[in-house]
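Chain naming follows the written order as A, B and C, and within any one chain the residues start at number 1.
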């Protein structure tokens, strides 16, 4: 707790009479890049708006850098926010967009010029000063929005799904760009996404949210290897999740003997954790597809469909034929209910 | 950040209060005046108003001309709007601009032109006497026809604008598709164009009809006291005979007719679908 | 029908419609130039003297100035009331939003002559407000619906997050409005001003009862003049007014693509 740079304590956020985020506790360390991850409508944007001061908590408090900012208005918090839509000012050119906040501080013209140009250079937009936002590509606009926030030297920089409007290649490029900027400036970043791959790639820590609550919080490696709930496991790619009864796994369609007796009420396997080619169980191949380094199968089993990845060296098994498989103890992830 | 209701009200209320005080309250009092009779409330004002034959004539004439103008505008409007949407983008802009233009010009000027056209020494009479069709000029001004033409010219652009914007929303290939399926042009109009543009027709129809009901200048200049309409009648009642009860009745009629025209057209439009 | 005859029919219909809509102005322009002391068309001899006479008629000068002042200040006042209202209606979830909308739009629905009469009887007479002030307020109320509607529609596409971005960069709410919202709805505000100006300037029914001795708007003055004089000067004046509107609309169209706001 003592190392918390941003601290949300028992924060409840409401829209009118409906609660969007109940009793949230979250601490963010200085200089870290934290990802808010979760499905649409889980309260990521809402949480971020509360940190920025655009939404007043119904109860609870928010501290930033040791200071209670719960009642501090948004324009006095010193927080940057890059909107999903970028929210660039269409009537101003790139230079003036970036200089906007500096001008409000009534800084000397020379300093404004210097910092704005440096800001544009940081995001690789040198020479674009005269362009209006409408004359820039999606990626350039996104970088412009980033520069506009960065030049203000915010204590915390919030980014609301800034990459979701970009195509796949640009998205990858911007990911590395963001990481570089973060390392360079050391700014504390809160990054919102509902793309788990993006969160895993970028974050120092991931906050997995569900219906306004934190489902699990941890490093990417942590979350990836050790999800604690079915929800988290599903998000992290555990596509086979089954109920446990004694030494059996159970679904509505049937049961399967495991050969060991787990202590947890649920067990989960990634497709690559299911071993195929040999094993005590038989499944009929429902679908198969080539995925480069491995081959993906969907097997019809007593449990219903099971997803399994087979090493590419194994001969392909055609749809309709049977394939032996096992749900090994070694790759099983125990989950709480 | 925009949930602060008090802030929002502070911004919106001045306009609302201004409109209420300067508009709703005085008009409301005026409307109530016809119901006050010898210190109590009654419908006597309305009974007296409709007991006068002239008033009935004027009432019916206003309705008739309003409907006639709206109907004619719809027919011309459909033809013109259809032609406009069929133009290329540049020609369309120019023609549309020419349709909008008259709206920006003083109705006095627009109506005055008809005096030049229909007056004793106007074009039509010059032509008639010049061709020897009649030795004395015809009386064309101060007739219902003159008022009709004046109103039509005044309000036709509103109908065309409404129909053009409605037709622009018809998906591109619907009409050719209907033609390919063997529909005649008449069938295309009634089965495709009309249902898809009825919103525009309702808006245009309401604008033209209420416009015609409540126009003052055109009936005043082209109808005079020979062809009174409700508005000119109201003016006369107040100015000549200080009769505020009749004025109040007419005001109510105008407002009620405008509203019911809108409701009726909306109803017709939704019943058809 | 083949394409070329379709095209021909198209242009014939449009030609007739446009003649009906615009032809009368051409007639008026010429009628105002007729070298006769009565209205004549086709003009008998051409002269500019009626066009020039318009400027020497004292009452026209006075009423032109009044109409100008009403149109300019009435529209400005309407914008002063209407822009914040349009903003609030777009940005806030107001409890009475529909009511506010209806009340503000009401002057467009109720015939002007009734508004004028009501104001005369229940405002001017009992409170002793001058007719000029009453006219000013009536014109403001009349233009208000246009101001709210046009500004609303130009504000509609402006996302609220732009203002939030401005606030996070240090703006107060008011600064966010003046620095971000206003520059982006400038076109709409200007269009509303022009539409309001033209509406107010050409307005007759509202002003009909609210005219007193020496207080007459130009259109009312023209109506009065027409009743006593039959020379072509009203035609000339009408033509001049038409040109004025044309010029305004032409410039506005070039500047902002005005017709989409009508």
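What we mean here is this: contacts are C-beta pairs under 8 Å (C-beta built on N, C-alpha and C of every residue); 3 or more make two chains touch, one makes a residue touch a chain.
Here the structure is a predicted model, which means the values were calculated and not measured.
Chemist: May I ask which two chains are joined by the most contacting C-beta pairs?
Modeler: Ranked by contacting C-beta pairs, first place goes to B-C.
Chemist: Considering only mean CA positions as chain centres, point out the chain farthest from subunit C.
Modeler: Ranked by distance of C-alpha centres from subunit C, the top chain is A.
Chemist: Identify the chain whose mean C-alpha position lies nearest to the mean of all protein C-alpha atoms shown.
Modeler: Chain C is the most central one.
Chemist: Approximately how many whole Å separate the CA-defined centres of subunit B and subunit C?
Modeler: Centre separation, subunit B to subunit C: 18 Å.
Chemist: Taking each chain's centre as the mean position of its Cα atoms, how many Å separate subunit A from subunit B?
Modeler: Once rounded, the distance between the two centres reads 59 Å.
Chemist: Which integer distance in Å separates the CA centroid of subunit A from that of subunit C?
Modeler: The separation of the two C-alpha centroids amounts to 54 Å.
Chemist: What residues in subunit C touch two or more of the other chains?
Modeler: Expected reply: 164, 167.
Chemist: Provide the list of subunit B residues touching at least two other chains, using ranges where the numbers run on.
Modeler: Correct list: 1, 3.
Chemist: Mark out which residues of subunit A touch at least two other chains, giving numbers and ranges.
Modeler: Residue numbers touching two or more other chains: 54, 74.
Chemist: So in the complex, the part of subunit B that touches subunit C is made up of which residues?
Modeler: Within the complex, subunit B contacts subunit C at residues 1-5, 7-9, 11-16, 18-20, 22-27, 29-30, 76, 79-80, 83-84, 86-87, 95-110, 112-117, 119, 121-123, 126, 152-153, 156-157, 160-161, 210, 213-214, 216-217, 220-221, 231, 234-235, 238, 244, 247, 251, 254-255, 258-259.
Chemist: Show which residues of subunit C lie in contact with subunit A when the two form their complex.
Modeler: So the residues of subunit C touching subunit A come out as 159, 161-162, 164-172, 175, 179-180, 183-184.
Chemist: Taking the touch rule as given, give the residues of subunit C at its contact with subunit B in the complex, in rising order.
Modeler: Interface residues on the subunit C side: 10-11, 13-14, 17-18, 20-22, 24-25, 27-28, 31, 38-42, 81-82, 84-85, 87-89, 91-97, 99-100, 103-104, 106-107, 109-115, 117-119, 121-123, 137-138, 140-141, 144, 148, 160, 164, 167, 198, 201-202, 204-205, 208-209, 219, 222-223, 226, 234-235, 237-239, 241-242, 245-246, 248-249, 253, 259, 262.
Chemist: Subunit C touches which residues of subunit A in the complex?
Modeler: 52-54, 73-75, 77, 79-81, 83, 85, 87-91, 100-101, 104-105, 148-149, 152
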